[in-house]
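Two complexes, one shared chain (chain A), two partners (chain B, chain C).
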Partner chain A sequence: MNQIMSDKRVIALYTLPALLLISVLIYVPLVLTGYYGLMDWDGIGSMTFIGLENYAALITDGMFWSSAYHSLLLALFSVGSLVLYLAVSVVLAGNIKGADLFRKIFLIPMLLSSVAIAQLWMRIYHPTNGVMNRFLASIGIENPPLWLSDTSIVLFAIFIPIIWQYAGFYIIIYYAALKNIPKELVEAARIDGASPLQIAYKIKLPLISGVIKVTIVLAVIGSLKYFDLIYVMTDGGPNGASEVMASYMYKLAFRTNDFGYGSAVGFFLLVLILIVTYLIRKATTSKDDSIQY
Partner chain B sequence: MASNTAAASPAEEVKTGFLRMSISKLILYIILGIVAVVQILPLIWLFLFSLKDNQEVFNLPPLALPSDPQWGNYARVWTEGNIGLYFFNSVIVTGTSVILTVLLASLVTFAITRMNWKLNKLVLGLFMVGLMIPVHSTLIPLFSFFSSVGLMDHHLSIILTYTAFNLPLTMMILLGFYYTLPRELEEAAVMDGCSIHRMFFRIILPITAPVVATTAIINMIYNWNEFVFVNTFISSDSLKTLTVGIQNFIGQYSTDWGAIGATLVISMLPILLAFLILSNRIVEGMTSGSVKG
Partner chain C sequence: MKKKSFISLAALSTAAVFTLAACGGNDSEEASAGAGNNDNGEAAQEDVTIDFMHLWPQGSSPDHHRIVEDIISDFEEMHPHVTVELEVLENEQYKNKLQVVSSSNQLPDVGMTWPAGFLEPYVNGELFAPLDDVLEEDNMRDDFVAGTLEAYSVDEQAYAMPLELNIAPVFYNEAIFEENGVEVPETYDEFLEVIDTLADNGVTPIALGNRDRWTGSLWYMYLADRIGGSDALNSAIDRSGSFEDERLEEAASRIQEMVDHDAFISGFNGLSDQEAKAEFMNSNAAMYLIGSWDLPNYTTNEEIPQEFRDNIDFFKFPEVDGGEGNIDNWVGGPGVGLFVAENSDVKDESKAFVKHFTEEWGKRSVEDAGVIPGTQVNTDEVDLPDLFIDVLDDLNNASDITLFADVQMSSSVAETHLNMIQSLFGEEITPEEFVERHEEALEEDE
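Let's turn to the complex of A and B:
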């Protein structure tokens, strides 16, 4: 038995194909991104080694910092909205008839492609024919905003469909965690005279704190690397007002063919995400839990 | 007087208590109802305008039913453009990657959780770190790698990339199930003189069918909706999948709302149908990673 279950050739046969795939398509590229960042390269011709020049240029690149700032705003916005999802989930996990149907309806936007969502919301925000402005017009607002072409609101106009898309995902996670709480604990608190609000706050939330930490990490990472809706809806515009790190990197590489500088941005993004993940986990991990994800 | 109130109050109390209870319940239902409407209304609006002509889209109230449903919009976009072809490409790419991912992930997970070797935890860690890698940090090296091996503008480039990037999540969902399989299962198989390959394909794989189904549907959703990789690696129109294909297609129809609506609905339909049938598996797959930890 033991001999069969520790056959090295079988282990290699079962493990190596997948390992090869993630090495060649994920880990080697990660290293190469850092390496290409040291080059002056248009993606076609030969590379010229320029040392840390790209990374130095990054520090003084106002466009890069404004895109990083927008990514950070999205991260704050996403983490803030977790509170809302948590509230909805607490309600949903109480004695609600049809809770299962509700959470499935909430999840629907999460199943759709970003392109479809982007195209749909571009119609919703359409200056004259979109639902949003037709609704505003019907309640007497004369000059409704030009959602996607006004530099002062475009970023938040895009945050809304992002939140719309992901809300259901976080709600089903919280819901599942809340449903995992042993009934006896909640019952005991109720008998001791705790109000529903106290039960939610003092008993349920601490019990699912591990899951909450995981969702914070997910929301922050997801926001820092966010790309899809922004690329389709505004392409970072107007005038860079909705540019984020990933869309800026994409533009540098695949539109201006500045592969070296684009790689530097890509590598910065990777390092930033690793550091932020480490910091969040360090800040929120206590001795008694060992959450893995 | 004292006896009077004493007799009346318990019943009164129950009654007002019940009333208070049901009013707060009602408020909760209203909150959940509003969230549900927000999540679903844009899609209902989309479906309605996919059945209208521009005249009706612009002049009728947004949620008015079309007076004469233009099913022709659907027939038109299906036959005029390449939607049918994009659809077929999506099926091929999604199907191949799902099978490849689930098979490779099952093999690795089996080797890691059931077989005895020293480096298994390290290899598992290598896969799990893949969960937080931003795709943009790999994009430029992947682009030049696929160019150099002649896979640029070839379905294999996206199939392999989807497989590599989805392996970590797929394994995470599989892990929990594999850890709970009883040892006796393998012992009995070995006693009966079963080879390890036969054991994996004839015993383990069939037993894990439920969780394999969950990972397959989750992979299907992610691959069907994927955008960045197709957009970067595929340039021939004839090889594009739905997400990128409709993006170009909609560009041509920028003023024909009915056609745009019909295109978007067609692109969403397979996923929504899958959700209708397999919603429990989808919810399970999306939560299992984060909640089980």
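Let's turn to the complex of A and C:
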């Protein structure tokens, strides 16, 4: 048995199906996207090779940079919101009454599909009939904000449901990590006279730091490639005020039939995410890290 | 034992690869069979299959779907050697699929396309067959409403048969008009007065879902048409003129004037057309500018209360004082049309099918599905609600039809146009910037 399993050819054979699938579904399209990015192509007719012209256009494309800025803002907000999730998880893991119920409540948004969430929040934000503006009107605010049509606030109005959508996901991760901390450690600290705040800061957080790093990477990557709610709720509008990189890429490729340029944006996005992930890893790795990502 | 499973595993993975490869394979056998059939003429009558892709699924467009089924079974009866294979997809999926199959040159024999900007890349890629030979038969060309075939033509060659034609009337709620003592406006100044009266009485004058952007574009197009005549906008787009035309700029400033008069529903830039329509349907707004595809909602759709339907009428977009436009001019455009694939191996049968389909569709679509066809409808012969007849009569008397701007323009210019429309309505840019940005985009596209 062991002899068979250590045979390199057998190992190769075992990994072959998975390797084939992942190549066909992920790596081949990835390389193709990079290739299309060097072409002038409308997605239908013939391609013309134009080298790096698409990327040159990208650098001077104001729409792209404003969408990149929006994606970056979203990443910052998502990472910031992790602090909130962590605080909630610490409280939930601290054996308070009804923790189980709250955990489930926080998890609900995760069970809904993005489109359902988008529809829900579009109702909430509706300028006249929405819950939000009805409420604001009832407490005497005369001209409540037009959440999704005002270019100065639309982006933040969309951030709220996005952050809400992922709350359950991160809370579950933190909650599980916190529950895994050996009770003895916490107890020992308590006997030594540490306050609950000190326990949280000095004992619990360092112990789950690996998990925190993973969530930061997840939040940043997820934000940079974010698409769903924005596509459904505003379609990047009004006039690009809520456009992010992925929605801009979609528009280029499928609306304006500029497949070459759209592919270039997509490839750029990939490279950007790789770089950012690398940087975050660099900045947060310590010697005794056991979790790799 | 172990060894055996390795072998079967290996066999399985190889099989998987071949299956994947087979998916990409071409139907070359079928192709040669089809070609043979053409050579032998009618005598041989080998069985052939026409692949037909359309976008009216039974679930969302039952009436359309039924007519299509009927037409197909008629056709199959008339031509026993032909079978029509159907593939039905929803609008967006349809667009995506068409693009994907076209890049591997595997278009269905017959399918649906949109005019002008959508059709052009397909024609340039030589994927659609010219249909002029079909149009010459029985003078079919004359059956179409003026201007519709042109929308599917590139260099004077028609590449698709128009099935749908839509114009955009201003629908209004008579009950609301009566309550507020206002009458149908005939000039732009009267129109502004109506808006003011309604707004002062706390009624939303116009439902507009400008998140979808083409909705706002309709308003702009009408004003451009009434101020500059159909020629101003058209010549700017086809580059015989410039977009930096004072008439086009005036139209833009009129839009902002309307916004300042609180003409449009609050938050319109964040509302979808569906949401705006809901406001109009709930009698929360007095007017709504939309294509005639919405007519069934105000006439035959039993799901909508009779009382509401009775209250709805339409008027032609008012004339602007001193403007060059004609009140009988409509903004509108053909919807989908039928194309035949250039590399189809059953081209003759496909062309016959397209001809048959277009003729039959023209006879039945208004009455059975509430769709105005691209072919002329004799209003004396059809049994339809008055509102429908009025629209059809006005259509037959139309002096000209200005094609929807985002359809006329190439897709990248259209994208700029639609974004500018949102900014214009949101008062983030001046009318001057509005025309400048259009001119830039059009110039760049040349």
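We take it that the second predicted complex is superposed on the first by the 279 of 293 C-alpha atoms of A that agree within 3 Å, B and C clash if a C-alpha of one lies under 4 Å from a C-alpha of the other, contacts with A are read in each partner's own complex, and residues count from 1 in each chain.
Heads up, the rule we're going with is that contacts are C-beta pairs under 8 Å (C-beta built on N, C-alpha and C of every residue); 3 or more make two chains touch, one makes a residue touch a chain.
Everything quoted here is computed from the prediction, not taken from an experiment.
Peer 1: Who does A:38 touch here: chain B (first), chain C (second), both, or neither?
Peer 2: A:38 contacts neither chain B nor chain C.
Peer 1: Tell me the contact category for A:17 with respect to chain B and chain C: first, second, both or neither.
Peer 2: A:17 contacts both chain B and chain C.
Peer 1: If we overlay the two complexes on their shared chain A, which of chain B and chain C does A:148 touch? Say first, second, both or neither.
Peer 2: Only chain C; A:148 stays clear of chain B.
Peer 1: Would you check which partner chain A:254 touches, where first means chain B only, second means chain C only, and both and neither mean what they say?
Peer 2: both
Peer 1: Can A:4 be said to touch chain B (first), chain C (second), both, or neither?
Peer 2: Both partners, chain B and chain C.
Peer 1: Can A:125 be said to touch chain B (first), chain C (second), both, or neither?
Peer 2: second
Peer 1: Is chain A touched at more residues by chain B or by chain C?
Peer 2: B
Peer 1: Looking at the overlay, does A:46 come into contact with chain B only (first), chain C only (second), both, or neither?
Peer 2: Only chain C; A:46 stays clear of chain B.
Peer 1: Quick check on the superposed pair: does A:82 touch chain B, chain C, both, or neither? Answer first, second, both or neither.
Peer 2: Neither: A:82 stays clear of chain B and chain C.
Peer 1: Intersection of chain A residues contacting chain B with those contacting chain C?
Peer 2: On chain A, the residues that contact chain B in one structure and chain C in the other are 1, 4, 10, 14, 17, 24, 43, 254.
Peer 1: In the complex of these two chains, what residues of chain C are touching chain A?
Peer 2: 2, 6, 9-10, 12-13, 16-17, 20, 95-96, 99, 102-103, 121-122, 124-125, 127, 210-211, 213, 265-271, 275, 411-412, 414-415, 419-420, 422-423, 426, 428
Peer 1: What does chain B use to touch chain A in their complex?
Peer 2: Spelled out, the residues of chain B in touch with chain A are 28-29, 31-32, 35-36, 38-40, 42-43, 45-46, 49, 57-58, 61-62, 104-105, 107-108, 110-112, 114-117, 123, 126-128, 130-145, 160-161, 163-165, 167-168, 172, 186-187, 190, 196-197, 200, 221, 224-228, 232, 242-244, 246-247, 250, 257, 260, 264, 267-268, 271-272, 275, 279, 282-283, 286-287, 289-291, 293.
Peer 1: Using the touch rule from the top, collect the residues of chain A that touch chain C in their complex.
Peer 2: 1, 4, 10, 13-14, 16-17, 20, 24, 42-46, 122, 125-128, 146-151, 154, 234-235, 237-240, 251, 254-258
Peer 1: What residues of chain A sit close enough to touch chain B in their complex?
Peer 2: 1-2, 4-8, 10-11, 14-15, 17-19, 21-22, 24-30, 32-33, 36, 43, 88, 91-92, 94, 96, 102-116, 119-121, 123-124, 129, 131, 134-135, 164, 167-169, 172-173, 175-177, 180, 210-211, 214-215, 217-218, 221, 224-225, 227-228, 232, 245-246, 249-250, 253-254, 259, 262-263, 266-267, 269-270, 273-274, 277, 291-293
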